[in-house]
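In the two complexes below, chain A is the common chain; its partner is chain B in one and chain C in the other.
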Partner chain A sequence: MKELSLNILDITENSLKAGSTLTHILLTETKNTLTIVIKDNGCGMSSEMCKNVINPFFTTRTTRKVGFGIPFFKLVAEQTGGSFKIESKSQKEFPKNHGTCVTAVFNKNHIDYTPLGDIVSTVITLIQGHPESDFYFKHTVGEGEVLLNTQELRQVLGDDINLNEFEILNWIKDFLKEQYENL
Partner chain B sequence: MKSLAELQAIRDKMKDKVVLREGYGEKRVVVGMATCGIAAGARPVLNAFVEGVNKAGLSATVTVTQTGCIGICQFEPVVEVYEAGKEKVTYVKMTAEKAEKVINEHLKNGKVITEYTLAANK
Partner chain C sequence: MTVGEFAKQNPLNVLCMPEAEREITGCYIGDLLSWVMGNAREGDAWVTIMSNTNIVAVATLTNVSCIILAENVTLDEQALNTAKENGVNVLSSNLSAFNIALLLKDTVV
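Moving on to the complex of A and B:
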(Lines of atoms letter the chains of each structure in order from A and count residues from 1; the text may use other names and numbers.)
(Lines give C-alpha, C1' and ligand atoms only; values in the text may rest on other atoms or scores of the structure.)
Protein backbone atom coordinates (compact mmCIF):
# COMPACT_ATOMS: atom_id res chain seq x y z
CA MET A 1 0.00 0.00 0.00
CA LYS A 2 1.37 3.41 -0.95
CA GLU A 3 -0.42 5.28 1.84
CA LEU A 4 -1.39 4.39 5.41
CA SER A 5 -4.85 5.78 4.60
CA LEU A 6 -5.26 2.81 2.23
CA ASN A 7 -4.40 0.39 5.04
CA ILE A 8 -6.98 2.18 7.19
CA LEU A 9 -9.60 1.74 4.43
CA ASP A 10 -8.71 -1.95 4.14
CA ILE A 11 -8.80 -2.69 7.89
CA THR A 12 -12.06 -0.77 8.36
CA GLU A 13 -13.66 -2.85 5.59
CA ASN A 14 -13.06 -5.86 7.88
CA SER A 15 -14.98 -4.08 10.65
CA LEU A 16 -17.92 -3.46 8.33
CA LYS A 17 -17.85 -7.04 7.12
CA ALA A 18 -18.09 -8.03 10.80
CA GLY A 19 -21.33 -6.07 10.98
CA SER A 20 -20.05 -3.00 12.81
CA THR A 21 -22.71 -0.30 13.15
CA LEU A 22 -20.38 2.25 14.73
CA THR A 23 -16.69 2.29 13.85
CA HIS A 24 -14.18 4.62 15.49
CA ILE A 25 -11.16 5.68 13.44
CA LEU A 26 -8.82 7.58 15.73
CA LEU A 27 -5.53 9.10 14.60
CA THR A 28 -3.30 10.73 17.18
CA GLU A 29 -0.09 12.49 16.20
CA THR A 30 2.70 13.74 18.38
CA LYS A 31 5.96 15.22 17.14
CA ASN A 32 7.46 11.78 16.54
CA THR A 33 4.61 9.28 16.48
CA LEU A 34 1.33 8.47 14.80
CA THR A 35 -1.10 6.15 16.56
CA ILE A 36 -3.95 4.63 14.54
CA VAL A 37 -6.85 3.00 16.39
CA ILE A 38 -9.71 1.29 14.52
CA LYS A 39 -12.39 0.12 16.91
CA ASP A 40 -15.66 -1.51 15.91
CA ASN A 41 -18.73 -3.07 17.50
CA GLY A 42 -18.92 -5.93 15.02
CA CYS A 43 -19.24 -9.64 15.78
CA GLY A 44 -15.66 -9.92 17.04
CA MET A 45 -13.46 -13.03 16.97
CA SER A 46 -12.56 -15.90 19.25
CA SER A 47 -9.13 -15.59 20.84
CA GLU A 48 -7.84 -18.35 18.57
CA MET A 49 -8.98 -16.60 15.40
CA CYS A 50 -7.61 -13.30 16.69
CA LYS A 51 -4.16 -14.92 16.88
CA ASN A 52 -4.55 -16.34 13.37
CA VAL A 53 -5.37 -13.13 11.51
CA ILE A 54 -1.79 -11.86 11.70
CA ASN A 55 -0.81 -14.90 9.63
CA PRO A 56 -1.02 -14.01 5.91
CA PHE A 57 -1.98 -17.58 5.02
CA PHE A 58 -5.11 -17.40 7.10
CA THR A 59 -8.32 -16.00 5.68
CA THR A 60 -12.05 -16.50 6.09
CA ARG A 61 -12.72 -16.07 2.44
CA THR A 62 -13.26 -18.84 -0.08
CA THR A 63 -12.24 -17.07 -3.31
CA ARG A 64 -8.54 -17.38 -2.48
CA LYS A 65 -6.22 -18.78 0.14
CA VAL A 66 -4.46 -15.72 1.54
CA GLY A 67 -5.43 -12.73 3.68
CA PHE A 68 -2.88 -9.93 3.61
CA GLY A 69 -4.80 -7.00 5.11
CA ILE A 70 -3.84 -7.36 8.78
CA PRO A 71 -0.28 -8.66 8.12
CA PHE A 72 0.41 -5.66 5.82
CA PHE A 73 -0.77 -3.21 8.44
CA LYS A 74 1.29 -4.91 11.15
CA LEU A 75 4.34 -4.86 8.90
CA VAL A 76 4.16 -1.16 8.01
CA ALA A 77 3.92 -0.26 11.72
CA GLU A 78 6.68 -2.58 12.89
CA GLN A 79 9.07 -1.55 10.10
CA THR A 80 9.16 1.93 11.64
CA GLY A 81 10.10 0.50 15.03
CA GLY A 82 6.48 0.93 16.10
CA SER A 83 3.99 -1.61 17.38
CA PHE A 84 0.81 -3.46 16.45
CA LYS A 85 -1.95 -4.91 18.58
CA ILE A 86 -5.29 -6.54 17.83
CA GLU A 87 -7.85 -7.32 20.52
CA SER A 88 -11.28 -8.80 20.07
CA LYS A 89 -14.36 -9.84 22.01
CA SER A 90 -16.64 -12.26 20.22
CA GLN A 91 -20.37 -11.75 20.20
CA LYS A 92 -20.79 -15.29 21.48
CA GLU A 93 -18.77 -14.70 24.65
CA PHE A 94 -19.59 -11.00 25.09
CA PRO A 95 -23.12 -10.46 23.81
CA LYS A 96 -23.27 -6.92 25.21
CA ASN A 97 -19.88 -5.39 24.39
CA HIS A 98 -18.35 -7.24 21.48
CA GLY A 99 -16.08 -5.94 18.76
CA THR A 100 -12.51 -5.65 17.57
CA CYS A 101 -9.88 -3.01 18.23
CA VAL A 102 -6.74 -2.64 16.13
CA THR A 103 -3.97 -0.33 17.35
CA ALA A 104 -0.85 0.52 15.37
CA VAL A 105 1.88 2.92 16.42
CA PHE A 106 4.28 4.43 13.89
CA ASN A 107 7.58 6.26 14.25
CA LYS A 108 7.11 9.15 11.86
CA ASN A 109 10.82 9.89 11.61
CA HIS A 110 11.83 6.40 10.55
CA ILE A 111 13.03 6.07 6.97
CA ASP A 112 10.50 3.27 6.35
CA TYR A 113 7.51 5.30 7.53
CA THR A 114 4.71 5.25 4.95
CA PRO A 115 2.98 8.65 4.60
CA LEU A 116 -0.64 8.83 5.76
CA GLY A 117 -1.80 10.10 2.35
CA ASP A 118 -5.33 11.05 1.43
CA ILE A 119 -7.28 10.16 4.58
CA VAL A 120 -10.26 12.32 3.54
CA SER A 121 -10.68 10.12 0.48
CA THR A 122 -10.63 7.03 2.71
CA VAL A 123 -13.40 8.40 4.96
CA ILE A 124 -15.51 9.38 1.93
CA THR A 125 -15.02 5.95 0.36
CA LEU A 126 -16.13 4.22 3.57
CA ILE A 127 -19.29 6.31 3.86
CA GLN A 128 -20.06 5.87 0.13
CA GLY A 129 -19.92 2.09 0.44
CA HIS A 130 -21.58 1.80 3.84
CA PRO A 131 -24.16 4.57 4.26
CA GLU A 132 -26.10 2.51 6.81
CA SER A 133 -23.11 2.31 9.17
CA ASP A 134 -21.84 5.09 11.44
CA PHE A 135 -18.30 6.40 11.68
CA TYR A 136 -16.60 8.46 14.34
CA PHE A 137 -13.43 9.88 12.82
CA LYS A 138 -11.00 11.94 14.87
CA HIS A 139 -7.52 13.07 13.86
CA THR A 140 -5.65 14.80 16.64
CA VAL A 141 -2.46 16.69 15.81
CA GLY A 142 -0.90 18.22 18.90
CA GLU A 143 -3.52 20.68 20.16
CA GLY A 144 -5.70 20.67 17.06
CA GLU A 145 -8.21 18.14 15.81
CA VAL A 146 -10.36 17.15 12.85
CA LEU A 147 -13.67 15.52 13.77
CA LEU A 148 -16.51 13.83 11.93
CA ASN A 149 -19.37 11.99 13.59
CA THR A 150 -21.85 10.59 11.08
CA GLN A 151 -24.43 10.05 13.86
CA GLU A 152 -24.71 13.84 14.12
CA LEU A 153 -25.13 14.18 10.34
CA ARG A 154 -27.77 11.44 10.30
CA GLN A 155 -29.80 13.38 12.86
CA VAL A 156 -29.83 16.40 10.57
CA LEU A 157 -30.59 14.41 7.42
CA GLY A 158 -33.42 12.32 8.80
CA ASP A 159 -34.53 8.97 7.37
CA ASP A 160 -35.14 9.79 3.72
CA ILE A 161 -31.71 11.06 2.75
CA ASN A 162 -28.77 8.67 2.66
CA LEU A 163 -25.29 9.66 3.75
CA ASN A 164 -23.95 8.50 0.38
CA GLU A 165 -25.97 10.88 -1.77
CA PHE A 166 -23.50 12.75 -3.96
CA GLU A 167 -24.33 16.19 -2.50
CA ILE A 168 -23.88 14.90 1.04
CA LEU A 169 -20.57 13.19 0.29
CA ASN A 170 -19.35 16.44 -1.23
CA TRP A 171 -20.38 18.36 1.85
CA ILE A 172 -18.57 15.88 4.11
CA LYS A 173 -15.45 16.13 1.93
CA ASP A 174 -15.44 19.94 2.16
CA PHE A 175 -16.26 19.78 5.87
CA LEU A 176 -13.16 17.63 6.51
CA LYS A 177 -10.90 19.55 4.12
CA GLU A 178 -11.81 22.82 5.79
CA GLN A 179 -10.90 21.40 9.20
CA TYR A 180 -7.55 20.17 7.83
CA GLU A 181 -6.81 23.62 6.40
CA ASN A 182 -7.40 25.15 9.82
CA LEU A 183 -5.31 22.56 11.65
CA MET B 1 -17.02 27.56 8.10
CA LYS B 2 -19.12 24.51 7.16
CA SER B 3 -21.97 24.02 9.59
CA LEU B 4 -24.75 21.55 10.25
CA ALA B 5 -27.22 24.32 9.34
CA GLU B 6 -25.73 24.29 5.86
CA LEU B 7 -26.21 20.52 5.70
CA GLN B 8 -29.83 21.00 6.69
CA ALA B 9 -30.29 23.42 3.79
CA ILE B 10 -28.86 20.83 1.38
CA ARG B 11 -31.24 18.25 2.82
CA ASP B 12 -34.26 20.49 2.29
CA LYS B 13 -33.24 21.12 -1.30
CA MET B 14 -32.77 17.40 -1.95
CA LYS B 15 -36.04 16.21 -0.45
CA ASP B 16 -38.09 16.90 -3.59
CA LYS B 17 -35.45 15.42 -5.83
CA VAL B 18 -35.38 12.06 -4.04
CA VAL B 19 -39.01 11.38 -4.97
CA LEU B 20 -38.13 11.69 -8.66
CA ARG B 21 -35.60 8.88 -8.49
CA GLU B 22 -38.01 6.11 -9.35
CA GLY B 23 -35.89 4.31 -11.93
CA TYR B 24 -32.96 4.19 -9.50
CA GLY B 25 -30.33 1.61 -10.32
CA GLU B 26 -31.06 0.39 -13.85
CA LYS B 27 -27.32 -0.01 -14.23
CA ARG B 28 -25.02 -1.02 -11.39
CA VAL B 29 -21.30 -0.34 -11.25
CA VAL B 30 -19.51 -2.52 -8.69
CA VAL B 31 -15.93 -1.77 -7.65
CA GLY B 32 -13.83 -4.42 -5.86
CA MET B 33 -12.59 -2.96 -2.58
CA ALA B 34 -10.75 -5.78 -0.81
CA THR B 35 -7.03 -5.64 0.09
CA CYS B 36 -6.05 -6.60 -3.46
CA GLY B 37 -8.26 -3.94 -5.07
CA ILE B 38 -7.27 -1.19 -2.65
CA ALA B 39 -3.55 -1.92 -3.03
CA ALA B 40 -3.90 -1.84 -6.83
CA GLY B 41 -5.63 1.57 -6.83
CA ALA B 42 -9.38 0.94 -6.45
CA ARG B 43 -10.01 3.99 -4.24
CA PRO B 44 -9.41 6.62 -6.97
CA VAL B 45 -11.31 4.43 -9.46
CA LEU B 46 -14.35 4.27 -7.17
CA ASN B 47 -14.26 8.01 -6.55
CA ALA B 48 -13.92 8.70 -10.28
CA PHE B 49 -17.12 6.69 -10.87
CA VAL B 50 -19.00 8.39 -8.01
CA GLU B 51 -18.06 11.86 -9.27
CA GLY B 52 -18.22 11.09 -12.99
CA VAL B 53 -21.66 9.45 -12.89
CA ASN B 54 -23.02 12.49 -11.13
CA LYS B 55 -21.30 14.95 -13.44
CA ALA B 56 -22.64 13.10 -16.49
CA GLY B 57 -26.16 13.41 -15.06
CA LEU B 58 -26.55 9.62 -14.83
CA SER B 59 -27.28 9.34 -11.10
CA ALA B 60 -30.95 8.53 -11.73
CA THR B 61 -30.09 5.37 -13.67
CA VAL B 62 -26.64 4.31 -12.44
CA THR B 63 -25.70 3.25 -8.91
CA VAL B 64 -22.11 2.83 -7.82
CA THR B 65 -21.42 0.25 -5.11
CA GLN B 66 -18.51 -1.62 -3.55
CA THR B 67 -17.77 -5.29 -3.08
CA GLY B 68 -15.01 -7.51 -1.69
CA CYS B 69 -12.56 -9.72 -3.55
CA ILE B 70 -13.99 -11.61 -6.52
CA GLY B 71 -10.95 -13.84 -6.91
CA ILE B 72 -9.06 -12.33 -9.85
CA CYS B 73 -6.63 -10.26 -7.78
CA GLN B 74 -4.02 -10.05 -10.55
CA PHE B 75 -6.49 -8.01 -12.62
CA GLU B 76 -7.37 -5.45 -9.95
CA PRO B 77 -8.73 -2.80 -9.87
CA VAL B 78 -11.75 -4.72 -11.20
CA VAL B 79 -15.07 -3.04 -12.03
CA GLU B 80 -18.23 -4.93 -12.96
CA VAL B 81 -21.16 -3.37 -14.80
CA TYR B 82 -24.55 -5.03 -14.36
CA GLU B 83 -27.56 -4.18 -16.46
CA ALA B 84 -30.92 -5.94 -16.43
CA GLY B 85 -31.31 -8.33 -19.35
CA LYS B 86 -27.67 -8.03 -20.41
CA GLU B 87 -24.56 -10.02 -19.68
CA LYS B 88 -22.28 -8.68 -16.94
CA VAL B 89 -19.27 -6.72 -18.22
CA THR B 90 -16.01 -7.08 -16.25
CA TYR B 91 -13.44 -4.31 -16.71
CA VAL B 92 -9.93 -4.98 -15.43
CA LYS B 93 -6.79 -3.02 -14.48
CA MET B 94 -8.89 0.10 -14.19
CA THR B 95 -7.72 3.66 -13.59
CA ALA B 96 -9.57 6.92 -12.98
CA GLU B 97 -8.95 7.86 -16.63
CA LYS B 98 -10.40 4.58 -17.90
CA ALA B 99 -13.36 5.08 -15.56
CA GLU B 100 -14.16 8.36 -17.27
CA LYS B 101 -14.17 6.62 -20.64
CA VAL B 102 -16.44 3.84 -19.34
CA ILE B 103 -18.89 6.46 -18.07
CA ASN B 104 -18.98 8.35 -21.36
CA GLU B 105 -19.08 5.39 -23.74
CA HIS B 106 -20.63 2.49 -21.87
CA LEU B 107 -22.87 3.98 -19.18
CA LYS B 108 -24.01 6.92 -21.28
CA ASN B 109 -24.13 5.42 -24.79
CA GLY B 110 -24.29 1.69 -24.13
CA LYS B 111 -21.07 0.90 -25.98
CA VAL B 112 -18.89 -1.65 -24.14
CA ILE B 113 -15.17 -0.80 -24.27
CA THR B 114 -13.91 -4.24 -25.27
CA GLU B 115 -10.19 -3.50 -24.83
CA TYR B 116 -10.65 -2.91 -21.08
CA THR B 117 -12.58 -6.13 -20.45
CA LEU B 118 -11.32 -9.28 -18.78
CA ALA B 119 -11.75 -11.28 -22.00
CA ALA B 120 -9.36 -8.94 -23.85
CA ASN B 121 -6.74 -9.03 -21.08
CA LYS B 122 -6.57 -12.74 -20.23
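Moving on to the complex of A and C:
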Protein backbone atom coordinates (compact mmCIF):
# COMPACT_ATOMS: atom_id res chain seq x y z
CA MET A 1 0.00 0.00 0.00
CA LYS A 2 1.30 3.38 -0.92
CA GLU A 3 -0.19 5.18 2.07
CA LEU A 4 0.00 4.31 5.75
CA SER A 5 -3.57 5.52 6.17
CA LEU A 6 -4.69 2.47 4.15
CA ASN A 7 -2.79 0.20 6.53
CA ILE A 8 -4.54 1.99 9.39
CA LEU A 9 -7.90 1.36 7.72
CA ASP A 10 -7.05 -2.30 7.32
CA ILE A 11 -5.92 -2.78 10.93
CA THR A 12 -8.91 -0.89 12.33
CA GLU A 13 -11.27 -3.08 10.32
CA ASN A 14 -9.80 -6.04 12.25
CA SER A 15 -10.71 -4.26 15.48
CA LEU A 16 -14.26 -3.73 14.32
CA LYS A 17 -14.54 -7.32 13.21
CA ALA A 18 -13.48 -8.25 16.73
CA GLY A 19 -16.52 -6.37 17.99
CA SER A 20 -14.81 -3.20 19.19
CA THR A 21 -17.28 -0.54 20.34
CA LEU A 22 -14.61 2.09 21.01
CA THR A 23 -11.45 2.18 18.92
CA HIS A 24 -8.59 4.59 19.57
CA ILE A 25 -6.48 5.67 16.61
CA LEU A 26 -3.57 7.67 17.95
CA LEU A 27 -0.89 9.20 15.75
CA THR A 28 2.00 10.94 17.44
CA GLU A 29 4.67 12.72 15.47
CA THR A 30 7.98 14.03 16.66
CA LYS A 31 10.64 15.56 14.45
CA ASN A 32 11.90 12.18 13.31
CA THR A 33 9.25 9.62 14.19
CA LEU A 34 5.60 8.75 13.69
CA THR A 35 4.01 6.40 16.20
CA ILE A 36 0.69 4.80 15.28
CA VAL A 37 -1.37 3.16 18.02
CA ILE A 38 -4.63 1.36 17.27
CA LYS A 39 -6.33 0.20 20.44
CA ASP A 40 -9.70 -1.52 20.63
CA ASN A 41 -12.01 -3.06 23.21
CA GLY A 42 -12.94 -6.01 20.99
CA CYS A 43 -12.86 -9.67 21.91
CA GLY A 44 -9.05 -9.85 21.90
CA MET A 45 -6.95 -12.92 21.18
CA SER A 46 -5.23 -15.71 23.03
CA SER A 47 -1.48 -15.23 23.41
CA GLU A 48 -0.89 -17.97 20.86
CA MET A 49 -3.10 -16.35 18.25
CA CYS A 50 -1.45 -13.01 19.01
CA LYS A 51 1.94 -14.51 18.16
CA ASN A 52 0.56 -15.97 14.94
CA VAL A 53 -1.02 -12.88 13.41
CA ILE A 54 2.33 -11.51 12.25
CA ASN A 55 2.60 -14.58 10.04
CA PRO A 56 0.85 -13.98 6.69
CA PHE A 57 -0.09 -17.64 6.47
CA PHE A 58 -2.31 -17.18 9.47
CA THR A 59 -5.67 -15.54 8.88
CA THR A 60 -9.19 -15.48 10.24
CA ARG A 61 -10.42 -15.23 6.66
CA THR A 62 -11.96 -18.36 5.22
CA THR A 63 -11.88 -17.36 1.56
CA ARG A 64 -8.10 -17.64 1.20
CA LYS A 65 -5.26 -18.96 3.23
CA VAL A 66 -3.12 -15.86 3.60
CA GLY A 67 -3.77 -12.64 5.53
CA PHE A 68 -1.74 -9.49 5.05
CA GLY A 69 -3.08 -6.73 7.31
CA ILE A 70 -0.74 -7.17 10.25
CA PRO A 71 2.27 -8.58 8.30
CA PHE A 72 2.28 -5.62 5.89
CA PHE A 73 1.91 -3.07 8.66
CA LYS A 74 4.83 -4.67 10.51
CA LEU A 75 6.90 -4.71 7.31
CA VAL A 76 6.37 -1.03 6.46
CA ALA A 77 7.32 -0.02 10.02
CA GLU A 78 10.39 -2.22 10.19
CA GLN A 79 11.66 -1.19 6.78
CA THR A 80 12.08 2.34 8.13
CA GLY A 81 14.18 0.99 11.00
CA GLY A 82 11.14 1.37 13.25
CA SER A 83 9.34 -1.18 15.38
CA PHE A 84 6.09 -3.08 15.69
CA LYS A 85 4.24 -4.53 18.65
CA ILE A 86 0.88 -6.22 19.14
CA GLU A 87 -0.62 -6.98 22.53
CA SER A 88 -3.97 -8.52 23.29
CA LYS A 89 -6.19 -9.56 26.16
CA SER A 90 -8.87 -12.08 25.27
CA GLN A 91 -12.42 -11.67 26.48
CA LYS A 92 -12.27 -15.18 27.89
CA GLU A 93 -9.35 -14.46 30.21
CA PHE A 94 -10.07 -10.77 30.84
CA PRO A 95 -13.85 -10.34 30.79
CA LYS A 96 -13.63 -6.75 32.05
CA ASN A 97 -10.74 -5.19 30.14
CA HIS A 98 -10.20 -7.10 26.93
CA GLY A 99 -8.99 -5.81 23.58
CA THR A 100 -6.04 -5.51 21.27
CA CYS A 101 -3.41 -2.81 20.93
CA VAL A 102 -1.17 -2.45 17.88
CA THR A 103 1.79 -0.06 18.05
CA ALA A 104 4.02 0.78 15.11
CA VAL A 105 6.88 3.26 15.13
CA PHE A 106 8.21 4.73 11.89
CA ASN A 107 11.37 6.69 11.18
CA LYS A 108 10.03 9.47 9.01
CA ASN A 109 13.45 10.31 7.62
CA HIS A 110 14.12 6.85 6.30
CA ILE A 111 14.08 6.67 2.51
CA ASP A 112 11.68 3.70 2.63
CA TYR A 113 9.16 5.55 4.81
CA THR A 114 5.66 5.31 3.34
CA PRO A 115 3.80 8.64 3.56
CA LEU A 116 0.77 8.78 5.84
CA GLY A 117 -1.51 9.84 2.98
CA ASP A 118 -5.16 10.77 3.32
CA ILE A 119 -5.91 9.97 6.93
CA VAL A 120 -9.09 12.10 6.95
CA SER A 121 -10.61 9.83 4.30
CA THR A 122 -9.65 6.79 6.34
CA VAL A 123 -11.44 8.16 9.42
CA ILE A 124 -14.52 9.08 7.37
CA THR A 125 -14.57 5.66 5.71
CA LEU A 126 -14.44 3.96 9.10
CA ILE A 127 -17.30 6.02 10.53
CA GLN A 128 -19.34 5.58 7.38
CA GLY A 129 -18.88 1.82 7.43
CA HIS A 130 -19.42 1.46 11.18
CA PRO A 131 -21.71 4.27 12.35
CA GLU A 132 -22.71 2.28 15.45
CA SER A 133 -19.12 2.09 16.69
CA ASP A 134 -17.19 4.86 18.42
CA PHE A 135 -13.81 6.23 17.44
CA TYR A 136 -11.33 8.35 19.29
CA PHE A 137 -8.93 9.79 16.74
CA LYS A 138 -6.02 11.96 17.80
CA HIS A 139 -3.11 13.12 15.67
CA THR A 140 -0.46 14.95 17.67
CA VAL A 141 2.25 16.87 15.84
CA GLY A 142 4.67 18.48 18.27
CA GLU A 143 2.54 20.85 20.33
CA GLY A 144 -0.47 20.79 18.04
CA GLU A 145 -3.22 18.22 17.72
CA VAL A 146 -6.20 17.11 15.67
CA LEU A 147 -8.95 15.43 17.66
CA LEU A 148 -12.21 13.67 16.91
CA ASN A 149 -14.21 11.84 19.56
CA THR A 150 -17.44 10.34 18.24
CA GLN A 151 -18.67 9.69 21.80
CA GLU A 152 -18.63 13.44 22.41
CA LEU A 153 -20.33 14.00 19.06
CA ARG A 154 -23.15 11.69 20.10
CA GLN A 155 -23.55 13.57 23.37
CA VAL A 156 -24.01 16.80 21.47
CA LEU A 157 -26.16 15.41 18.65
CA GLY A 158 -28.21 13.01 20.73
CA ASP A 159 -28.10 9.22 20.75
CA ASP A 160 -30.68 8.74 18.02
CA ILE A 161 -28.52 10.44 15.39
CA ASN A 162 -26.93 8.25 12.74
CA LEU A 163 -23.28 9.13 12.17
CA ASN A 164 -23.26 7.96 8.57
CA GLU A 165 -25.73 10.54 7.37
CA PHE A 166 -24.27 12.60 4.56
CA GLU A 167 -24.41 15.96 6.36
CA ILE A 168 -22.76 14.58 9.46
CA LEU A 169 -19.97 12.87 7.58
CA ASN A 170 -19.38 16.06 5.64
CA TRP A 171 -19.30 18.06 8.83
CA ILE A 172 -16.78 15.64 10.37
CA LYS A 173 -14.63 15.87 7.27
CA ASP A 174 -14.59 19.68 7.38
CA PHE A 175 -14.04 19.62 11.13
CA LEU A 176 -10.93 17.46 10.68
CA LYS A 177 -9.65 19.39 7.67
CA GLU A 178 -9.99 22.68 9.51
CA GLN A 179 -7.97 21.32 12.39
CA TYR A 180 -5.29 20.08 9.99
CA GLU A 181 -5.09 23.49 8.38
CA ASN A 182 -4.45 25.05 11.76
CA LEU A 183 -1.89 22.47 12.78
CA MET B 1 9.49 -23.60 -20.20
CA THR B 2 9.24 -25.07 -16.73
CA VAL B 3 10.87 -23.51 -13.68
CA GLY B 4 13.13 -26.58 -13.40
CA GLU B 5 14.38 -26.24 -16.98
CA PHE B 6 14.83 -22.49 -16.66
CA ALA B 7 16.90 -22.90 -13.48
CA LYS B 8 19.10 -25.52 -15.13
CA GLN B 9 19.80 -23.53 -18.28
CA ASN B 10 20.62 -20.21 -16.59
CA PRO B 11 23.00 -18.88 -13.94
CA LEU B 12 20.50 -19.13 -11.07
CA ASN B 13 20.67 -20.66 -7.61
CA VAL B 14 17.84 -22.91 -6.56
CA LEU B 15 16.86 -22.04 -2.97
CA CYS B 16 13.88 -24.36 -3.07
CA MET B 17 11.93 -25.95 -5.88
CA PRO B 18 9.00 -27.97 -4.62
CA GLU B 19 7.18 -27.61 -7.96
CA ALA B 20 9.82 -27.79 -10.70
CA GLU B 21 7.20 -28.62 -13.33
CA ARG B 22 5.42 -25.28 -13.06
CA GLU B 23 5.34 -23.53 -16.45
CA ILE B 24 6.73 -19.98 -16.66
CA THR B 25 4.23 -18.01 -18.73
CA GLY B 26 5.29 -14.43 -18.04
CA CYS B 27 7.47 -12.17 -15.93
CA TYR B 28 6.62 -9.56 -13.33
CA ILE B 29 9.06 -7.26 -11.55
CA GLY B 30 8.07 -5.43 -8.39
CA ASP B 31 8.85 -4.85 -4.72
CA LEU B 32 5.77 -3.13 -3.32
CA LEU B 33 3.97 -6.24 -2.17
CA SER B 34 0.42 -4.90 -2.21
CA TRP B 35 1.02 -3.72 -5.78
CA VAL B 36 2.43 -7.07 -6.82
CA MET B 37 -0.64 -8.75 -5.31
CA GLY B 38 -2.87 -6.79 -7.64
CA ASN B 39 -0.78 -7.00 -10.80
CA ALA B 40 1.32 -10.16 -11.02
CA ARG B 41 -0.38 -12.83 -13.10
CA GLU B 42 -0.63 -16.53 -12.55
CA GLY B 43 2.39 -18.31 -14.01
CA ASP B 44 4.65 -15.22 -13.97
CA ALA B 45 8.21 -15.51 -12.78
CA TRP B 46 8.23 -12.78 -10.13
CA VAL B 47 11.51 -10.93 -9.79
CA THR B 48 12.01 -8.97 -6.56
CA ILE B 49 14.57 -7.79 -4.03
CA MET B 50 12.18 -8.12 -1.08
CA SER B 51 12.93 -11.04 1.22
CA ASN B 52 10.72 -12.13 4.06
CA THR B 53 7.85 -14.53 4.64
CA ASN B 54 5.44 -12.04 3.13
CA ILE B 55 6.80 -12.66 -0.38
CA VAL B 56 5.98 -16.34 -0.02
CA ALA B 57 2.43 -15.41 0.93
CA VAL B 58 2.15 -13.05 -2.05
CA ALA B 59 3.45 -15.79 -4.34
CA THR B 60 0.85 -18.20 -2.96
CA LEU B 61 -1.92 -15.72 -3.47
CA THR B 62 -0.98 -14.68 -7.02
CA ASN B 63 0.01 -18.22 -7.98
CA VAL B 64 3.19 -17.07 -9.75
CA SER B 65 5.36 -19.92 -11.08
CA CYS B 66 8.40 -18.87 -9.05
CA ILE B 67 10.07 -16.08 -7.11
CA ILE B 68 13.46 -14.96 -8.41
CA LEU B 69 15.48 -12.94 -5.91
CA ALA B 70 17.70 -10.44 -7.74
CA GLU B 71 21.05 -8.88 -6.80
CA ASN B 72 22.22 -11.52 -4.35
CA VAL B 73 19.25 -11.18 -2.04
CA THR B 74 18.76 -14.22 0.19
CA LEU B 75 15.78 -15.63 2.07
CA ASP B 76 16.01 -16.87 5.67
CA GLU B 77 15.52 -20.51 6.48
CA GLN B 78 12.13 -20.11 8.11
CA ALA B 79 10.72 -18.35 5.05
CA LEU B 80 12.26 -21.02 2.81
CA ASN B 81 10.57 -23.74 4.83
CA THR B 82 7.27 -21.92 4.44
CA ALA B 83 7.91 -21.75 0.69
CA LYS B 84 8.54 -25.51 0.55
CA GLU B 85 5.40 -26.26 2.55
CA ASN B 86 3.30 -24.09 0.26
CA GLY B 87 4.76 -25.25 -3.03
CA VAL B 88 6.50 -21.97 -3.88
CA ASN B 89 9.65 -22.18 -6.05
CA VAL B 90 12.39 -19.74 -5.02
CA LEU B 91 15.46 -19.01 -7.15
CA SER B 92 18.15 -16.39 -6.66
CA SER B 93 20.74 -14.65 -8.76
CA ASN B 94 23.47 -12.02 -8.58
CA LEU B 95 21.95 -10.38 -11.67
CA SER B 96 19.75 -7.29 -11.62
CA ALA B 97 16.01 -7.59 -12.17
CA PHE B 98 16.49 -6.23 -15.70
CA ASN B 99 19.08 -8.86 -16.59
CA ILE B 100 16.97 -11.64 -15.09
CA ALA B 101 14.08 -10.47 -17.24
CA LEU B 102 16.37 -10.67 -20.27
CA LEU B 103 17.03 -14.33 -19.48
CA LEU B 104 13.29 -14.85 -19.79
CA LYS B 105 12.69 -12.88 -22.94
CA ASP B 106 12.89 -15.77 -25.39
CA THR B 107 10.93 -18.05 -23.11
CA VAL B 108 7.85 -16.01 -22.43
CA VAL B 109 7.50 -13.26 -25.00
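Brief remarks on what is shown
The working rule: the second predicted complex is superposed on the first by the 183 of 183 C-alpha atoms of A that agree within 3 Å, B and C clash if a C-alpha of one lies under 4 Å from a C-alpha of the other, contacts with A are read in each partner's own complex, and residues count from 1 in each chain.
Heads up, the rule we're going with is that a residue touches a chain if its C-beta (ideal position, glycine included) is under 8 Å from a C-beta of that chain, and two chains touch if they have at least 3 such contacts.
Quantities reported herein were computed from a predicted structural model and do not represent experimental measurements.
In this superposed model built on chain A, chain B and chain C occupy separate space and fit side by side. Look at A:158: by the touch rule set out above, it reaches chain B but stays clear of chain C.
Using C-alpha centres, the superposed arrangement gives chain A a vertex angle toward chain B and chain C of 80 degrees, stated as a multiple of 10. A count of residues in chain A touched by chain B and by chain C gives the higher number to B. Applying the stated contact rule after C-alpha superposition, one finds that A:68 touches each of chain B and chain C.
By the touch criterion stated above, A:111 is placed in contact with neither chain B nor chain C.
In the superposition on chain A, A:17 makes contact with chain B only, not with chain C. Look at A:55: by the touch rule set out above, it reaches chain C but stays clear of chain B. The superposed arrangement places chain B and chain C with a least CA-CA distance of 6 Å.
Contacts of chain A with chain B, set against its contacts with chain C after fitting on chain A, overlap at residues 1, 64, 68, 72.
Within the complex, the chain A residues that touch chain C are 1-2, 55-57, 64-66, 68, 71-72, 75.
Residues of chain C touching chain A in their complex: 32-35, 37, 52-54, 56-58, 60-61, 82, 86. Residue ranges on chain B touching chain A, taken from their complex, read 1-2, 4, 6-8, 10-11, 13-15, 18, 33-36, 38-39, 43-44, 46-47, 50-51, 54, 59, 64-66, 68-71, 73. Of all residues in chain A, only 1, 6, 9-10, 13, 17, 61, 63-64, 67-69, 72, 118, 121-122, 124-125, 128-129, 152-153, 156-158, 160-161, 165-169, 171, 174-175, 178 touch chain B in the complex they form.
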